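Paired with chain B in one complex and with chain C in the other, chain A is shared by the two complexes that follow.
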Partner chain A sequence: MNGVLRAAAVARKDLLMEWRGRQTITATGMVALLMILLLGFVLGSEPGRAAAVLWVALGFAAVVGIPRITQSEVEQQALEALLLYPGSREHLYWGKGAALFIMLSALLVALLLLLGVLFSVDVWTHVGALLGVGMLGIVGLSAIGTLLAALVLHVRGRELLMPLLLLPLALPVVLGGVRLTETILAGTTSALWILVLVAFDLVYLLVCPILFEVVMDEA
Partner chain B sequence: MRNDLNAGVDTSAVITRGLARRFSIEWAVREVTFVLPPRSVLLLVGPNASGKTTLLRLLATALRPTDGSASVFGRDLVRDADAVRRLIAFVGTSAGVYDLLTARENLRFAAAMGGRPDAPVASWLDRVGLTAVADAPVRTLSNGMKRRLALARAWLTSPRLLLLDEPYSGLDSEGLTLVAEMASDTTRRGGSVIIATHEWERGMKMADAVLALAAGRPVEIGPAAQLTAADLAAAAGGTR
Partner chain C sequence: MKAQTALGAAAVLLLATAVYTSLLASPPDAFQGEYVRIMYAHVPNAGVAYLAFAITFVTSVLYVWKRRPDYDYIALSATELGVLFTGLALVTGSIWGRPVWGTWWTWDARLVTTAVLFLIYSGALLVRGLSDDPQRGARLAAVIAIIGFLDVPVIHYSVVWFRTLHQPASIAPGSLKIAPPMLVALMLSLLAFTVLFAYLLRLRTRLARLEAGVEL
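Up next, the complex of A and B:
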């Protein structure tokens, strides 16, 4: 119970700071918007391309936004104080991961609206399924992203390292998200890709908190 | 060198045996052995780069020792780090508070993370003289106010070992009184305090013992009453 309270306190703190500073959401929002406009312009805005464009935009926005969740602690010189609170560092992982999940989910909603307008996709008919798949993918992105944000914390050139680490590891999630979004927009379903997405989410959620604790011990 | 400050006391606040920490090939702290009894204040003095902050960070479990061992109220620093964290509070040279949160929100967060979500945050803000600015964003506060907030954050968990790194810098006279109050409150509750400072004259007013470091090694350790001002000035300046 204490661990849940600690994780909730971290998530609340991160979201409150983001609400007031709007640094992560502005950066991720701008990158996602640029990706959608650029890809739409280059590839054309046919509805069939909407799924891939959505997930590429979300993936690159995550690359920009994920390092911020731990970097802000360093900028405020608050990391040491955070690490010296008693209790498992896993609670920090769950709190930071939850805050990241909520931020990326807010971005997903905005991107779906944008796709509906720019790619003439009928988002409203499938809104529940699209949000469900999107959040399933964001769980995976947040799970692996929170670990990587801790891993690159003290690395010079982390902006370069983050995409090199995140994109290959998040590939199954992004690929699953693209395929499922395509099937939803086509009015069908794919049990295989749902299984793939859920399986990778579970693996990341089981492994990443343990690795996060190890990484933070060395921070 | 004296290291028997705790002769006859069973449960020591801090025991270190050959504690050492190396960064790359440089030893920041070496062969630090001392015993600190409960209800006492240890003053850590020495010139720049003498290892004072590193020693405090080792005791706070922020760093792992390269060699040697240490315990805080019987809990090993490495094997039982989480238990040690429940007993200590560390105030570093930077306040380490969140600029985008208010003073009240900072303390509420600290209380929740310290396992005391019901801590009376308002009374702690009052105690450190921040009631008037409790709901102002921390970025609008002065450095001295941020230092007070950091002190309140450490204080509200009622630590048994209080580790203060340069606690006097940036504080006005009321803030300095606050540091003294905080130290005496901790010792009154059976805890101990370690203060690392250049301003040894201030620290001596409350110190029971002094540990002087030079190039990471202890050069002087003993009861404060037995050290002369000349000894301390020499130790703090690194000429001993």
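Up next, the complex of A and C:
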């Protein structure tokens, strides 16, 4: 069995478990919905605020959702079994990362629809670009999030640590996402910010799998 | 032990000289007046903080790679000192900003980057402290230090491009925008703080080694 298949098997397992329980996606969806409603209400729902509200909501939803992707391994004491599977632990990273990417992308689609309704922005005409930029950001969030989810496994108070670790580290993703979403809604685009997001994604896609093995090392 | 004491004595002497040159010997600034003297504490704090995080990065990489505890003792010590000096840089910068810019805080790139660094490395210390086993804590803190340091340029430029009052750096290659006596005072402060940092780092590293010895 090669690496891609092994990673796909891990992703499939994670998504299947999520599909049966739908706990993580419900919880993250509710947090994102609450953030959008709260920010829309206190700031006012002018279309110009939509981009910032979207990315803040997505950021906080990620904070809630990311520790969940390793939670089941802890609760059912399945972590050792997962680590015993033959092959490199890097494949675990890619599998878990892919599952996280798919979950956050599903959330993004729902949030864009919600934004179109609540902030009266024209999502439909730019739907391709908005999804593209959103996914570019979600790749970065997933790359770093998968590593952090594994990192907080053996730390007390992991739900409390996640915002402190993820939000500062993923700040470029949120800033880039906000500016790019703004430019897209205004009908233009910004090569500079795409470059920032691509650079962030590449750096962490290269480094995080290696560090994931360090984190998962049972010494 | 003797080298340690000598380093401490050098730090005290240099700091005393730096206090004299920066508070008395150097002239007031043409625009900022006496407020410019805050610079002699602010810039060295920030400089030492970045130095500390660079040391943390290098020793963290070495620790993850070679797994020798000595690297971790240095990484732990440099992280703690880095967080301390980053905090001091933020506070002195804020005190300097109030009279000069008219505000305690502004969303300028360097300020935001420094504040974010403060949070990331505080996170690394927290993870280490809350970890269920000291060795694992060392490994996890090293991982955060590595990804945190790689993030610095990306965070910095994304904050610059997102919203850009910080005065441009006064010492850029090729052009000098600072009067020579002030430069001397600044360089002396930088040196004094660097020696102080080296002293504290040695002391803290020794303490970390002793602590590990007690726990084993």
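By our rule, the second predicted complex is superposed on the first by the 216 of 219 C-alpha atoms of A that agree within 3 Å, B and C clash if a C-alpha of one lies under 4 Å from a C-alpha of the other, contacts with A are read in each partner's own complex, and residues count from 1 in each chain.
Convention: a residue touches a chain if its C-beta (ideal position, glycine included) is under 8 Å from a C-beta of that chain, and two chains touch if they have at least 3 such contacts.
Quick caveat: nothing in here was measured; it's all calculated off a predicted structure.
Visitor: First (chain B), second (chain C), both or neither: which does A:196 touch?
Guide: A:196: touches chain C, not chain B.
Visitor: In the overlaid three-chain picture, which partner chain does A:21 touch, first (chain B) or second (chain C), both, or neither?
Guide: first
Visitor: Check whether A:41 is in contact with chain B, with chain C, with both or with neither, and answer first, second, both or neither.
Guide: The answer is neither, since A:41 touches no partner chain.
Visitor: With both complexes overlaid on chain A, does A:124 touch chain B (first), chain C (second), both or neither?
Guide: Neither: A:124 stays clear of chain B and chain C.
Visitor: Could you figure out whether chain B or chain C reaches more residues of chain A?
Guide: It is C that touches the greater number of chain A residues.
Visitor: Under the contact definition given at the top, report the residues of chain A touching chain B in one complex and chain C in the other.
Guide: None.
Visitor: Where on chain A does chain B make contact in their complex?
Guide: Those in contact with chain B are residues 2, 5-6, 8-10, 12-13, 16-17, 20-21, 76-78, 80-88.
Visitor: For a test of understanding, state which residues of chain B touch chain A in their complex under the given definition.
Guide: The touching residues are 57, 60-62, 82, 85-86, 88, 90, 92, 94-101, 105, 109-110, 112-115, 117, 137, 153.
Visitor: Show which residues of chain A lie in contact with chain C when the two form their complex.
Guide: Spelled out, the residues of chain A in touch with chain C are 144, 147, 151-152, 154-157, 161, 164-165, 168-169, 171-172, 175-176, 178-179, 192-193, 196, 199-200, 203-204, 207-208, 211, 214-215, 217, 219.
Visitor: Given the complex with chain A, which residues does chain C contribute to the contact?
Guide: Those residues of chain C that touch chain A are 64, 116, 119-120, 122-123, 126-127, 130-133, 135-136, 139-140, 142-144, 146-148, 150-151, 154-155, 157-159, 161-162.
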